[in-house]
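The following block contains the structure, expressed as structure tokens.
In this document, chain identifiers A, B, C and D correspond to the written order of the chains, with residue numbering beginning at 1 in each.
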Amino acid sequence: MQVKILYFAGLREALGCAGETVELPVGVGNVGELRAFLSARGDSWQTPLSRGNLRFAVNQRMAGPESAIGPGDEVAFFPPVTGG
Amino acid sequence: MQVKILYFAGLREALGCAGETVELPVGVGNVGELRAFLSARGDSWQTPLSRGNLRFAVNQRMAGPESAIGPGDEVAFFPPVTGG
Amino acid sequence: MTPGAISVQREDFDPGREADALIAGRRDVGAVATFVGLVRDANEGCGVDAMTLEHYPGMTEAALEEIVADAQQRWPLQGVRVIHRYGRLETGARIVFVAVASAHRGAAFAACEFIMDFLKTRAPFWKKEETPDGGRWVDAREADDDAAARWQKKA
Amino acid sequence: MTPGAISVQREDFDPGREADALIAGRRDVGAVATFVGLVRDANEGCGVDAMTLEHYPGMTEAALEEIVADAQQRWPLQGVRVIHRYGRLETGARIVFVAVASAHRGAAFAACEFIMDFLKTRAPFWKKEETPDGGRWVDAREADDDAAARWQKKA
């Protein structure tokens, strides 16, 4: 299945990437699995994505590592928010 | 000694009096004693001044029945405040 | 406390302009909390057309200054403004304004609410409502005493 | 929630005008609490000249709407207005505005602070400060998580 992935703020800068559309292999069905899949691309992905305080959203709602993702979903990775 | 007395809001209306200057007899040295002295003037004073929630100020600071009063002081009697 | 922090007046005020004045030329303020109290058209189910606010000139200002000084002792504040009107006010009219500037929002919110809570229980103002059935002095609310008392516990 | 209650925009806003609009033509509002957050010139001891606010278009609006809806479920509110800016903002500039109208001050204060606390922890905005030594992403503050968490206890 295909999903849209977005990266924000310090994570976007560290990855040098604001977003991408990715074809996921079988076995990647939730946010945690997607994170592991992206980290496997190499150190430049593994290091930024291993931050303990990373936050996630699926279809623009806050999500956790267990949150399921399906075809066409929009998944976002970002640091803790600091607005206001 | 002489003191200035002020009455506010519902108490002012009930007494029909906004204020007065009174010569106090010996034995009237605090707010509670002043209240008793004024109440002794008759029913039209006794009834309004007997309200349980009556508040007092001496020289424009909140005070209690035990608060001392001296010559030239400004003593105020009023209902609980309701501004804001 | 900066001069002009407290006004007791008949005239209306402009909350936006007052809040702007509090932070004019400053770059160290991170948070401004404000409160505006208005004359509502209903109080305990009875219609209100207008009210008259009586106060105790002299003591009013002293009481407000003491409340503001208390707030400034409790929190690191960068500016405070309090305005309270008296006289006849129609429904919808502004009665009171409190604005507090601080580096952080927690202090600004807390001090603003603290000042309102003590203003409600310590500042010598009295409201008389005009209703279709005549004038009526507003009773003090126990909830206001409770609101002020909770700051004691936190002290 | 009334339409237009939430704006996410580059442009500045006028807090006084926004608060006035919230109560325009109404006579049942007794209390308006507002909050304005500003860019401070110092953050943890280091000088800040300006900052850039990044956000997540689409999710930002959804998150703010959910926070406002939560507040409206908790308290009887008569009006809510939230404005949050993004883009580059210099020190002294307004960042965020929250205004809440209610019959009574307790609800107005609580809802205004509740919205700010959850905005700080749930709305997808990120600040990058410009300092004399370069750009620096602002770290999330534990105090903000604590501020949001205390509303859970009160639920």
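Just so we're on the same page, a residue touches a chain if its C-beta (ideal position, glycine included) is under 8 Å from a C-beta of that chain, and two chains touch if they have at least 3 such contacts.
Every value quoted in this text rests on a predicted model; they were computed, and no experiment measured them.
Enquirer: Just to be sure I understand the contacts, which chains border both chain D and chain B?
Expert: C
Enquirer: Could you give the separation in Å between the centres of chain A and chain B, each centre being the mean of its C-alpha atoms?
Expert: A distance of 72 Å separates the two centres.
Enquirer: If you average the CA atoms of chain B and of chain C, how many Å lie between those two points?
Expert: Roughly 26 Å separates the two chain centres.
Enquirer: In angstrom, rounded to a whole number, how far apart do the mean CA points of chain A and chain C lie?
Expert: Each chain reduced to its C-alpha mean, chain A and chain C end up 48 Å apart.
Enquirer: Averaging over Cα atoms per chain, report the distance between chain C and chain D in Å.
Expert: 23
Enquirer: Going through chain C residue by residue, note those that touch at least 2 other chains and give them in order.
Expert: Counting only residues that touch two or more other chains, chain C contributes 37, 105, 116.
Enquirer: Using the touch rule from the top of the page, what residues of chain A touch 2 or more other chains?
Expert: Those would be 84.
Enquirer: Which pairs of chains touch one another in this structure?
Expert: The list of touching pairs comes to A-D, B-C, C-D.
Enquirer: State the interface residues of chain A toward chain D in the complex, per the touch definition above.
Expert: Per the stated touch rule, the residues are 6, 8-10, 53, 57, 60-62, 76, 78-84.
Enquirer: What residues of chain D sit close enough to touch chain C in their complex?
Expert: My answer: residues 14-17, 19-20, 23, 26-42, 91-92, 103, 105-106, 108-109, 112-113, 116, 143, 147.
Enquirer: Which residues of chain C touch chain B in their complex?
Expert: Its residues touching chain B are 37, 53-56, 58-59, 62-63, 84, 95-96, 116, 119-128, 137-141, 144.
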